[in-house]
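Read through the structures below before going on.
Both of the next two complexes hold chain A, though its partner changes from chain B to chain C.
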Partner chain A sequence: MVTKASFTKKASLVNFFVYCTRYGQEEGDEYQKVLYYYPPEASEDSKIRTVGLAEAVIRFTGTFNCEHPCEYLTTKKTKQYFYEPEPDFWMAMTIGIPVTEKVKDGVSVPEYCSEDVWSNVYRSILIQSYEMFRFFMGTFESVLTKVSDDVNGLKSRLEHFYSKYVLTMELEHASLLDAIHGLIFLPLDRQNFLKIHCLVNLLEEQYPCARHVVFLYNEMLVWSGLEQKDMQVFYRYLTTNLFPSCAPEVMNSGRMTPQAGRFLLGPPDVKEEENFGKIPHVILHAGPTPEELQLVIYKLQNACICIFIDGTCRPGPVCFPWLFLWDIFYMDNFIYPTDTLQLTMDFFRKLEAFLLTHAPPVVEDVTTQQAKRLHSAAPDQHFKYVYFNRTNLAQKNTVIIEPGDRSSGGIPVEALRLLPDLHSDLHHMGTRVEIAAKMTNDYWVVAKLSDSREFYVVLNQKSASLLEITEEVQKLCRSQFNNIFFVD
Partner chain B sequence: MKTMMTSSNDETDYFLNLCDDPIRFEPASAINSVFYDECGKQVFAVRSGGATGVIVKSPVKDNNHTFQMEDKGSLASLKLSPDQKILALQRHKNSVEFLNVVNNELSSLEYSQQCKGKHSIILGYIWVSAREILFITNNGLEFYHVRFAILSLSVYAEKQSLKCLKTLSMNVAWYEHSAITDTMLVATGSAFHPVLLCPGNVVRLPKFSLDSQHTVTERDVALAQIYGENSVLFLKHQLHGSVSVTVEIVIYTVTRETGAKKSHVLKVDQSGRVAINVVDNLVILHHQPSQTSLTFDVNLPGESDGYVIYHEPVTFPLPIKPQELDGSPCTLYSTMWVAFQPDVIIDAKTGSLWHLHLNLPAIVQHITNKLKLVQFLVGRGGPMAKSTLLRVLYLSISPEIGPGMCILAKIFDLLNGMYRVHLDKTVQSQMGLPAHGGPKLPPLPAQVPFHMMVCDQSDMYMHVFLTLVNEYKNTCPTNIRSAMIEYLRSLGQFHIPVQHFIIELLIDNLVTDSAFYQLHQLLQYNVIPDSKPMACTLLALRSMYEPAHQVALDMLKRLGTANEEILEILLSNFQIISAIRFMEEAEGSFQSSFAPKKFLEAALTNGNPLVFHSVFKYLQMRNLNLRNSPEFIPSEACDVYVNKFMEMFGADA
Partner chain C sequence: MAEVTVLEKDVNEMQLAQDEITHLERRWSQDDELLHGSKEWRDVVKHVFILSEAGKPIYSRHFSEEKLVSLFGVMQALVSCVSDSEDPNELESIQAGGHLFVFLRRSPLILVAVSQAGHSLPFLCIQLEYLYNQVVSVLTCNQLEGIYRQRKNYDLRRLLGGAESLLNRLLDFTDDAPDVLLGAVRCLKLRPASIRDAISNALLSHCSKLRTLVYGVLLAREEVIGMVRMKRCQLHPGDIHLLLNLVRSNESFQNGESWAPICLPHFDPMGFLYCYVSYLSEDCRAILLLLTTDRDMFFPLSDTRCRIVESLRKGKYLEKINEAMENGGYEMKDVDASVGGIEHFLYKHRGSSQYTCSTFPQHLSWKRIYPLYQTLHQRIHSPTRPLKLLYLTGETECILAWETGEFEAYITFGCLVQRSQAIAAVNNLLKWIKSQESSLFLLNLPTF
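Now for the complex of A and B:
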C-alpha cells in the first residue's frame, strides 16, 4: 500500500439525474425523458447530452450482458453510477474522482485516484437516494398514477425532493458505513428492553391507528415495529436528516424542561389550535403491499418515539374530520391531498398526555442504566473496529466518527480508505474469509467475514508478523465478542 | 365467548347462596324450645323441657344425638362439651347443671356448679376444652375444670366434681365469643376487653373503647377470623331522626401482643335490620329491608389514613339466590333469620340451619374492574377459586373484551408478587433465584392472604396462554403476544426466571405471524434465555428464517457446555474446516469423544476432494502427534475412508 498525500480535490458530485426511457424517444424530443437533473443550472443541451450518453452506455453494455445492466462507468476524471429502480426508470450519479498533486520532474501534475471512489459505497448511496424518495413519495410509477400519468407531476415531485436531498449526500465523507447501511442498537439489559417493548405494545393497543412504532434512545435503536428494510431507510432519514436538524432547536427551546417532551414531527405546541407542524406521509414497501402512513415523532428526554399512523383509521374515540394543509418531508409549500386525514389537535393532545403518563418512568430507568454503563465502561479501547451483522443489520463502530471528522481516533485515512475495498473483497471470496492488509506505516487492517458477520479491525503493531496479527485478531474476537460465535 | 359473558341464568347470576341441604329441626313453638351452640355448631330442639326429647343436630354426623331428660323447669341454654361427653345446661341464674353422656344417653345423675359471688348472675358459659368450662357472670369470669369419671352412686359428690382454676373479676354487661378464634369480647360498660381462651388458661387483654359514644349491644358485634386475623366487628349505627342507619362496620384486630387495634372500616350506609356473616374471609352484611347483601373484602386496597383502611363494598347489593324449602320457595331475609358466625343462618320458624356459600364464578360479572376482580379472587379459598381466577385471566387477555395492557400489567405484577413470595418460601434453593435485596426488586405485597393463591408459569401456560393461542389460532391477534411480553416483563420485575414452555409459545406465535425481525430483536436483547432446547428450537426455524441458525450457534457458544452440539452443527453444514478449527480451539472439552470418522464422512459427502484431502492429511498428522503413527486405530472405524483416500489420491499421496 502506498501512503498518499491528502487530496487537493475531494470526491464531488458532478451530476445526478433521473430519466425514463418511455419518453422522448423521438429525435428532438429527448428533453422529455429527463425527469430530474442536477445541477439545475446545466443547460438543456448538456442535460440531453449527458443523459443520452448514459443511455447509450447502458444500451451498449446491455448487448454483452442483458441480465445485469451496467453498474458504473469509470473515466479518467469521473465515475458514473447507474441504477434502474423500476422498469424504464433510470438513475445516474457522476462522481468527480479525487485528485492529488504529484511532483514529477519538478512539475506538479494532478493524479486522479479512481480507486478511492469505491463502487460499492457510491452505488449504495445512489440506491439509497431512490429508497429515500420511495419512502416519502412512493415509487415513480405510483407517483405517476397519482397524478394521472402527467409526467410533469412526477417531475415536480422529483424536483422538490432531490433538489434538497442531493445537497445532503455528503459525498466527500462517504465511507464503509454507507455501503453496509447498518443500524446502531442501544446496548440495554433485558428488563429495560421489555419495559420499552411493553410501552410500545400499550401505545399500539390504545391507538389502533398507530400501525408501527419505533423506539430510539440517544439516536440508537431499541425497538422497531417496522420490517428490516423499511427500518434501514427510516434510520438513515433519522440519523442523517432529522436528528442533525433538530439538535440546535432542543438547545434553544425555552419551554423544554427535563420532564417535558415535544413532537419533532407533529404539532410544535398542542395548545395552539392551528399549527400541526410537519407530519410527513411515508410509504412502507417491505410488506406485501405498500402501506401509506403518516409519521409522527415524539421526543422525550433522550428517547425518541416514532409512530406510523394510519390516517384512514379513526385515531381515537372523539375525532372530528379536520382538514388542513401540510407539507411533506422538508418541502414547505408543497400541497398534498388531505382526503384521508383524521388527525386533529385533540388527538395530539391525548397522544402527548398518554406518552407523558406512561413513558417517563421507562425512559428514566433507561437513563439511569446508561449512566451506570458509561461509568463502568472500559476507558479508551486500544483498538478500533467496525462490526456489522447482516442478519439484524447491527453495526458497531469505533473507527469512523460521524459525521464531520472521519479520520479521528489516530487512525490514518489510508486505513479507512481501504475498508470499502476489503468489504467488497470479502463478499467476493466466500462465506468465511479473513484478509489481512499491511500498510507502510506499521498499521494493519484485518477484515473478517464469518457467515453474515463482518469485522474490520485496525491495529498498529510495530514489525508484527502475519501470524501474530491473526492471533491478535482472534484474541480480540474472543474478548470483545465473547457472547457470539465467530465461525473461523 | 360474548354470549357466555352476557347469558344469564340462575347459576351465574347469584353470588351468594344457601346450602342445598339445610339441617332441619323442629321449629320453635310453645312446647319446643330451640337453642344453638356456636361452639359445637349444634342445634338443640328441646320438647317439653326435655321430657319428650332433646334432639341435637349438627353438620358433623357423629355429633347428632337424641336424648331424653327430666323436665326440671325452663332452660336458658344447653351446650355439649367438645368431646360430646358432658351436657351443660342452665336453668337457674346462678348455677349450671351437668349431665354426663353415657352410651349415647344422658345419665340420670345431675351435678351442678354455682357461681362464686352470692349475688352474681351467670350470663353464660363456654366450653374451653373437653374438661374446662368458663362461666361468665355479671361480676367476672370463673374458669373451672370438670373432673370426669363414670360417676356411680357411691362417689356421687356434687360439690367436688368441678374445681375452680381461675377467676377474673370485672363488670360484665354482655359478652360475645368465637369458637374459631377462641376469643371472647367482654363489654364492661363503655369499654371492651378481649379475652383469649386457651386450654388451661384465660388471658384478659387490655381494654379498649370505641371512639364514638353511642351504646353497643351484643347484637352489633361479631367475632370472626378474617385472613387469619382475630377480628372483632362492630356495627356502628347512627340515628337519623327515629330511624337507625348503619353507617359502617368497624373492624378491630386482636393479637395477644398488642391487644385490639382498629384496622378497617367498611362503609355501609343502610338503614334497618342487618346481620353479619363471614364467609371465605369476606364480610357479608345482610340487609333485611332490601333483602340484599353487601360483600366486603378487607384484602382489597382502600383509602387509608395511615392506620385504618376504609373499604367500599366489593359489589352493589346483591340478593341471595332464591331457594326452595319443602317444595315451595323459601322466604329469604325472613325476620326470623338469625345469623351466627361464621357462615350460619338459622330460621327458627321453618326449623332450618343453612350454611352460606359463595358462588365465585358469578362474581366475575359483578366486578367489572378486572384488576379489582383479580385482587378479590386471589384472596379466595375453596375449590372454585383458582379456576375462576384463571378464567378471569383468560378473559382479560381475550381480544376485544380484555381490559387492556395497562390493567393487565398491574394484574401480572400482583400475581407475580405473590408468586415470588411463594417461591421465596418454598423452592428458593432449587430454582437458584437471585437472593433478596437484589437490584430493583419492587416492594412485595405487604399483605399476603394467609392461604395465598399462587398462579405459577405452568398455570398461566396451560389455562391462559395456550388456551388463547389455540382458540385464536387463525387470527393470531397481536394482543395475546403483547400480553405474553407483558407477562415476561412482570416475571423479570420480580426476578423470576422464565420457563422454557412460555418462551416456546411466544416463539411459535411470532413464527406463525412471520414476525421474524421482532423475534430477532427479542433474541438480541436476551429476552429469550439461553438453553440447549431453545437453541434446538431456533435451529429448526432455519428453513423459515435463515438467521435463526446464527443466533442458535451464538446461544450454544454462550452456554459453554454445548461444544459437541456446535461441532455437530458445523459438520452437518459441511463446514468441516471450521469444525476442526473450533475443535482445536475448544481443546480438552471433547477430546475423549473425538471421532475422526465424522469429519471424514462429512468431508467426503461434501464432494470437494480438496477438502477431503486436507481433512485426511490433518487427521493423519494428528495421529502422528498422538501415537507416533499416522494410522487410524481400528476402533475409529476409518478403513473405508482410508481406502477411499487411496482410491482418489493414490497410495503415496
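Now for the complex of A and C:
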C-alpha cells in the first residue's frame, strides 16, 4: 500500500556562490577565489570544498568538448546550477530537492522529487540574479576596475547585494513564469495609449535629463522607453521587490488623497528639505555602451511613472563633465542623499508639480476604461492559460500561482507543474511544435510553440477526447488571440 | 573532544580528495591533451565507462582504458566527493549543452555514460543498469563483492577478460533496440497461433522430465519463439535480454553445442545457472537455450535437444520456424489497409512484458525518432505527474504516446496527418493487434 502525501520539505536554497578563477590558483590560497558565499555561516573549509567541486565538475565536462559550458549537476538530494556571466566569473546555486514522505508497508520513506526542480526554471532564476546585480551595480568586471580597492570592493558589493537578494528569491513558488520571464502589458485602446505617449513625450521634452521613461498601470506595462532586455530586469525588480514592499505603506499613510501622488523612489515629502529618500543608481546594459542613470519613481493612483535620470545633465546648457569622477558613486547603492548634485529638492518639487498638472486626467481616463473592461470580462472560465511572445516579451496569463501545494484557481497543482516540462520539450523539439497531454486526473494540458510565440493552456474538461480538445484550443485561440497567427 | 578530532580528520580527507581531483584533472589534461583535443574523441556520440570504487579502470567503450587512467581517477573522485560530504548524497547526472553525463553507483562498481545522442536521462540510467547486470551475469554479485572485499585495488579486467565483446554488443544493442526502453521482449510472429502452442508443448514435454532444469528458451535472432519455465520461476525480460546478448556475442555457438555458466540477476544475482546453447539443428537456425542449476547436465541436455528436434520435425514445425524467421518483421503496408497515415509503431502488451513493432521505414531516421519516443516515455512514466496520453505535433512528424492498463503504444504519423484520421488509424491498429494477439505474443507461458 503506497500513499502519497504532499511535500514535507519544499525546494530550498542550499547554497549560492560567486567565484573567480583568476584568484587563488596556488594551493592554500583557494579561499581567495570565493567572492560571495551563502549561507554566510558556512565554514571556510566547506566553502572551499564546494567551490572546488564546482570547478572540478566544470573542468571535467570541458574535457569532452561540450559546445556549452556545464549547466547543472543533479544529485539524489540537490540540483546545482552553474552560470558563467563574464569570462572567469562563475555563479552557482544549489537547490535542495523537495521531499515527500511515502508510507510503504507501514514505514515512512523520504522520496526526493527531482522532477519538481525544473532545470529551465531554476537556471533562469540564477541568470536573473546576475542580471539584477548588473542592473544596480554594473558588471563584475566594471566593479573590479572602477574600485581601486581591488577584489575586496567587489566582494563587499556582492555581499551587500546578494545577502538581501537571495532571501527574496521565492524558490518554492518557482514556476513556468520564471522560465519565460515576460512582461505583462496593459490592454489599452488607441486613444488612451496616445495620451500616455504624449505625456511621456512632454515629460522628456521638459526634462532632458529624463533619458528614459516607463509608465505602468496596475503593475502592467503601458509604455517603456527602455530596451527590452533592460525592461525585463527592471520589470522583475518592480514586481518582485519594489511593489510588494510599497503596498502596505500606501494603505497606512493617511495623507494620501485620491488626487495626490508620491515618490516611491525619491523624496518621501518634497516639503522636507533634507530627506531625499532612496534614489538608486542603475546601469542599463542593452545598448551599445552601459548607461549609468538614477531611478526616480512617482506613483499616482494606480499609475507608476518611472524616470531614468541622467544626473550629470542639468536642464539647460550647463554641463559638469567632471562629475563622472565621483568617488562615492558606488558606496552604497540605496542611500544617495547628497551625491546627486543635479537632483535638488527644487527639481523634485518642479517634477511633482509637472506630473500633478499633466498626469491625473490621463490616469483617470485609463482607470475609467479599465473599470469598463473588467466589468465586461467573461467570468469563470473553464481553462487557464499562459501566453508568451519572445519578440516583444509580452506575457499574458490567467494562471494564478498560489503559494503552497493547494490547487490554484481550481487547477490541480500537478497540471501547473507539468508546464515547465512541456516548455523544455517544446524548445528541444523545434520551432513549431504542439504537445497535447492528458494527465491521469483527466485534465488536459496543451502547449504550443509557434516561432516566437508560446501558449500553454490547462483545460478542465474531463472525459474529453483529443479531437474535442483540439477544437476547444482552436476556439480559445480565436477568441483570446484573434489577431495573432498560430500555425496549426 | 573525540568528535572534534573525527571531524577534523574528515575535513582533511575531503581536502585530500579535492586536491586529488585537481591533480588528476591536470594530469588528464596534460597527458592526454592529444587525445581529448582530437576529432576522434570529440565525435564519440556515447562514451561508456566502468570503474571500481577505488577508481581502477574496468571498461571503456571507445579508446583503451590505458590511455584514460587519469580520467577514470577524476570520475571516481567526483563520485566520492559528492557521496562523502557531511550529508550522504549520490551524484546522478550533469548536463552541459547537448552532453548528458550519467553516473550510476552499484557498489563496488561505478558506471558512467557521456552521451550526445539526445537520449533521455531515465533511458541512460536503464542502459547503465543493464550494463551492470551484464557484469553480474558474468561474475555474480557474490564473486564481485567478494573480490573487492578482499582487495579494494583489484584490477577486474583480469576476471572480465573476454567479456568485453559482451559489453560492447550489449551497448550497441541497447542504443537502438526499443526492448530496453519498454522493458519487454519481442516474439517471432507465427501464423497460425497453433504453431506456437505446438512448439511450447514440445519444449514442455521434454523439459519437464529433467528435475534441475529451470528454463527452456527457443530464440530466433532477436526474437523469442517459445519459452517454458519451472513453476514459480518467472523469467524477467531483463534476463531474457542477457540471454539474447549471450547468443549474439558468441561466435562459437555457430559451431555446435556449448556450455556456459551464466548468472541471471533477476532470477538470482548470487549464483550461476548453467546454460546449454545450440542451434536446433543443421536445417533450422533457431537457437535453443536450456538453463539448469546442475553443472554436470551437458549430455542429458544435449539428448533433450535431439528429442525436441525430433518432435518438432515430426510436426513439420522446423520448416514453419524457418519460414517465419525468413519473413522477419512486417511493414505497415502488411498490417491492414485501414491504418493509413501510420509510419511506425511500438506496442507493448503490459501483461506479458512483450512488444511488437512494425519495421522502421527507411525514409525516416531512427536516430531522431527514438530520442523523441524516449522523451514521451519519460513524460508518460513521470513518478510525480504521469500522463495517460500525449500527442506531439512536430515539424516533420506527429507522435502519439498512449498508456492504458493493458498496453503502452508509441505511434508515428507523417506531419500532415489530420488528427481525426490519426485517431481512426490508431483505433484500427489496436483492433488489428487484438485480432493478431496470439500470433504476435506468447501469452501463455507453460510451466512445469
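FYI, the second predicted complex is superposed on the first by the 446 of 488 C-alpha atoms of A that agree within 3 Å, B and C clash if a C-alpha of one lies under 4 Å from a C-alpha of the other, contacts with A are read in each partner's own complex, and residues count from 1 in each chain.
Going forward, a contact is a pair of C-beta atoms (placed from the backbone, for glycine too) under 8 Å apart; a residue touches a chain by one contact, two chains touch by 3 or more.
Not measured: the values here are computed from a predicted model.
When both complexes are overlaid on chain A, chain B and chain C end up sitting side by side without clashing.
Considering which of chain B and chain C touches more of chain A, the answer is C. In the superposition on chain A, contact of A:277 is made with neither chain B nor chain C. Once the two complexes are laid on top of each other via chain A, the angle at chain A between chain B and chain C, using C-alpha centres, comes to 130°, given in steps of 10.
When the two structures are aligned on the shared chain, A:201 is found in touch with chain B, with no touch to chain C. Touch criterion met: A:432 reaches chain B and chain C at once.
Once the two complexes are laid over each other on the shared chain, residue contacts for A:223 go to chain B alone; chain C is not touched.
Once the two complexes are laid over each other on the shared chain, residue contacts for A:153 go to neither chain B nor chain C. Shared-chain residue A:268: touches no atom of chain B or chain C. By the touch criterion defined above, A:61 lies against chain C but remains apart from chain B after alignment on the C-alpha atoms of chain A. Taking all C-alpha atoms of chain B against all those of chain C in the superposed arrangement, the shortest distance found is 6 Å.
In the superposition on chain A, the residues of chain A contacting both chain B and chain C are 432. Residues 27, 45-46, 48-49, 52-53, 56-57, 59-61, 63-78, 113-116, 119, 414, 417-418, 421, 425, 428-440, 442, 465-467, 470 of chain A touch chain C in their complex. Taken together, the chain A residues at the contact with chain B in this complex read 185, 188-191, 193-195, 197-198, 201-202, 204-206, 223-225, 227-228, 231, 358, 391-392, 394, 432, 451-453, 483-485, 487-488.
Here chain B touches chain A in the complex through residues 404-406, 409, 478-479, 482, 485-486, 488-489, 492-493, 517-518, 520-522, 524-527, 546-547, 550-551, 553-554, 556-558, 566, 570, 575, 578, 581-582, 585, going by the rule given at the top. Per the touch definition, chain C reaches chain A in the complex via residues 11, 14-15, 18-19, 21-22, 25, 28-29, 36, 41-42, 47, 71, 74-75, 77-78, 81-82, 85-87, 89-99, 101, 114, 372, 375, 379, 382-395, 419-420, 423.
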